[in-house]
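Let me give you the structure first, and then I'll get to my questions.
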Amino acid sequence: MSEALKDFPESLQADTPKDGFALAVKLSRLGVKVTQPDMEVLKSLRPEYANNTRDLIASSQVISIHYQTIAAANNYWK
Amino acid sequence: MSEALKDFPESLQADTPKDGFALAVKLSRLGVKVTQPDMEVLKSLRPEYANNTRDLIASSQVISIHYQTIAAANNYWK
Amino acid sequence: MSEALKDFPESLQADTPKDGFALAVKLSRLGVKVTQPDMEVLKSLRPEYANNTRDLIASSQVISIHYQTIAAANNYWK
Amino acid sequence: MSEALKDFPESLQADTPKDGFALAVKLSRLGVKVTQPDMEVLKSLRPEYANNTRDLIASSQVISIHYQTIAAANNYWK
Amino acid sequence: MSEALKDFPESLQADTPKDGFALAVKLSRLGVKVTQPDMEVLKSLRPEYANNTRDLIASSQVISIHYQTIAAANNYWK
Amino acid sequence: MSEALKDFPESLQADTPKDGFALAVKLSRLGVKVTQPDMEVLKSLRPEYANNTRDLIASSQVISIHYQTIAAANNYWK
């Protein structure tokens, strides 16, 4: 697992809501990578999920859950 | 990713519950766009998800999670 | 999007847990309507989702997430 | 919708974690009933969902989300 | 419903994170049992869900939601 | 269940966001293991879920929910 998480961010703090969203996307992808570390396999699967409505919506949902965490971590950038 | 997020909102603050909901819809769609940046592909998929009950309900769920975040960010517009 | 959200509620405040639940149902449906604004299409899909166990459970889940938001917005009607 | 919600509980307060769980089950079922008010249809669907692993797990998930709301509403019965 | 919930825990308090996780597993299973009280049916379904990747992941998700509730109820065992 | 949970962590505290994510991955996997304790079965299922886009996304979602719990438990490592 440590290999898949080697470039994990040091902090959940993000300067802007946009940076926080990019962090949420990164965490969502790390959640896939930690389960399937083989980048060649992940690349081979891209044509499938990137053209599948259910997978695209499900991906957006994982991002929304991580974003909820990161937004709270940054006090909603108030 | 930065191209997909180029028109990301500056803040999670919204004047009204309705504006907050529109923001939640925007974030949900950005979560799809960041995974599939090709707008032609997304347009081609619309007939499928816009007429599929499961996809429509799943889209509404992603909006509900982002709305939970945005409502908390705006102290529920109390 | 503004057409779909034209009758969005002014506030998340609700007098009772029951009114809060009705509001959660309304937001869940608006989340579908904002993705598929054509009411004729939505009506045509009703026989499908209203008789499909998975869709009915998934709809109830979206309502549960919005209800969590609205209950917090109303301090759980304590 | 008002017919489906006519016996909605007056409060989210529950004396015990067990009563709170029963309330979460009730809200989950009301979320289905508000989408499909015809009890005959719901009864006809029972053999399907009550013997389908995915539907049973999905039902338990809706209960878990409502339970999270109700537990917070009751300050976790501390 | 009362039969299915007869051995519901008295409290959400748990001595350790591990006990809290066991409680979350128990609540997840009670959420299935309250929908399908017939233990013979549940036993007959086990070969299906216990060897189905989607069902196993979905079960883990229900546990994660209950665990979120129980961890908050125990102030994260700090 | 106690066998599956025998190496459950003593605490939800984690030194860094990265350690917290590794803990979330561990809890997600324990949620599968507690439902299917037979490691041979789980190993046999790996080719299926590790090459299935929907399962990979669903796994990432369970991790995101546990991570939300662990991040709150660690006050977001502020």
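To keep things simple, chains are lettered A, B, C, D, E and F as they appear, and every chain counts its residues starting from 1.
As a working rule, contacts are C-beta pairs under 8 Å (C-beta built on N, C-alpha and C of every residue); 3 or more make two chains touch, one makes a residue touch a chain.
Bear in mind the structure is a predicted one, so any value in this text is a computation, not a measurement.
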| Graph distance between chain A and chain E, where chains that touch are linked | 2
| task | Taking CA centroids for every chain, report which one is farthest away from chain A. | result | D
| Which chain maximises the distance between its CA centroid and that of chain C? | F
| said: Suppose each chain is reduced to the average of its Cα coordinates; what separation in Å results between chain B and chain E? | reply: 31
| task | Report the inter-chain centroid distance for chain A and chain F in whole angstrom, where each centroid is the mean of the CA atoms. | result | 16
| So how far apart, in whole Å, are chain B and chain D when each is placed at the average of its C-alpha atoms? | 27
| query | Of all residues in chain C, which are in touch with two or more distinct other chains? | reply | 49, 54, 58-59, 61, 65, 68, 72
| query | Connecting every touching chain pair, does the picture come out as line, ring, star, complete or other? | reply | ring
| Traversal of the chain ring from chain E via chain F | E, F, A, B, C, D
| note | Per the touch rule above, chain A residues touching chain F in the complex are 1-2, 5, 8-13, 27-32, 34-36, 41, 45, 48-49, 52, 54-55, 58-59, 61-62, 65-66, 68-69, 72-73
| field | chain A-touching residues of chain F, taken from the complex the two chains share | value | 16-18, 21-22, 25, 49-51, 53-54, 56-61, 63-65, 67-68, 71-72, 76-78
